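The first chain written gets the first letter, and so on, giving A, B, C and D; residue counts start at 1 in each chain.
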């Protein structure tokens, strides 16, 4: 989870955890009375969008320039259900990636309790599907 | 519901009701155990997409040519709830519109029972928001 | 739109506009590059949930006691599209209803610009579908 | 992917692939013009629902009896994007699990091309969160 133990000098930056708060609404639940399993992916994407914005990246401009982020892989554990009206937050931490791949740990928590934990791999690609380097702001954030 | 009583010669075509079948899945429900109210709009849009396709209109090509359908107005009555696992169908009928506006009655039914009934007004617009004439196939379908 | 002109003594309360802020994320958009039309119903439901909470109503408890709010009718005008990354807010005002029906005007705005405007009728019903009186906190809010 | 190589006598049953067809609609896409990543989880859940129904399991009755299926883990690879109007199908195969865990491979394909491939672990739990044995029909299907 803290992949940079060997790099104490950059630890402060690299383990920086981004926090995003959200509320569970009716739209998020299903008839089991809990958050529908696909909707956690929406929650963590909202968090990624805010994290990316805070890095100074404008996804609308990126798209106008023909590049979008795309999810390549998700490994997700559903540990405990979130319910209607819950106040949750998403914690996002960058894991070691590469110039072409952004890997993030994203946990959805209610207070201290982890309800959902995912490792998400993101790439950047052009409209014809070619994988390109990640924006510099992201490559630098991971250092 | 059958707005063309005065035009018997075109009645057969104009009252043609398009039918689209669907099943209610977990994703469609909310914690009240019934279909979430916004999701009926998804159901009727699936039906419109199939209806438009059957008229020979390719929405992907339309979009590549810079035009999309846009919903301008929805009046919707929620009469009785649909539930998980229900087999539903959408009945779509064109109401009198104009060259610029397509007005449709769309009912979501379970067997003979109307659960949801909407009147939807559609326009066609370019990517800069200009309203343009509807595709000829639609204008002719309404005659 | 301001239905209480004849009741100046209660005007302050009755015209109280509830405001709910939100951001447009990827999940909200469709391939036309704008917010998918059903998702405005999600936005205004989030606003209603917060408004109801602020009136002191706990929907989870209501449900445990066998009552839920249900939408009976929506009249919605789509005036101008919202786009990815937009910061929007929902303005909610109660319109004159009755003990059994709650009618609300709900506008989705970007700054001063109204993008979507709906009149929504809500009822309160038991799990067997019987319509019951609205919670007292709501009936009183409308006076 | 075919985990039963050592059990040739049951191979026919165990490798039985369930197929579920679907169409991509506007609701499924995002502004990148492709299927939004969370929506593949909806697609594969529709397929699981149909597969479970074909095994004779009534999820509505299960829920009335206080049991629901819950997803415990998803490992998903996004290989190639699905687009508006695509005709897709989901192929579902049971992998070796246990009496308490159902593990399934679920691929979303366009023709022969795999666009999305997931391994999903399902459990059965009561409304208070206790994990219980899977329904017999599922345990037998996996043999």
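To be clear about the criterion, contacts are C-beta pairs under 8 Å (C-beta built on N, C-alpha and C of every residue); 3 or more make two chains touch, one makes a residue touch a chain.
Please read these numbers as outputs of a predicted model, since none were measured by experiment.
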item	value
Distance-maximising chain from chain D - centres being C-alpha averages	C
Pair sharing more residue contacts (C-beta pairs) when B-C is set against A-B	B-C
Averaged-CA centre spacing for the pair chain C and chain A, given as whole angstrom	30
Centroid spacing, where centroids are CA-atom means, of chain B and chain C in whole angstrom	24
Separation of chain A from chain B, taking each centre as the mean of its C-alpha atoms, in whole Å	36
Where chain A touches two or more other chains, by residue	26-27, 31-33, 38, 42, 45, 63, 84
Chain A residues within the chain B interface of the complex	26-27, 29-34, 36, 38, 84
Footprint of chain D on chain B - complex, ascending	23, 25-27, 42, 45-46, 49-50, 53, 58-60, 63, 83-85
Complex contact set, residues of chain A against chain D	31-33, 37-39, 41-42, 45, 63, 68, 70-78, 80-81, 127, 129
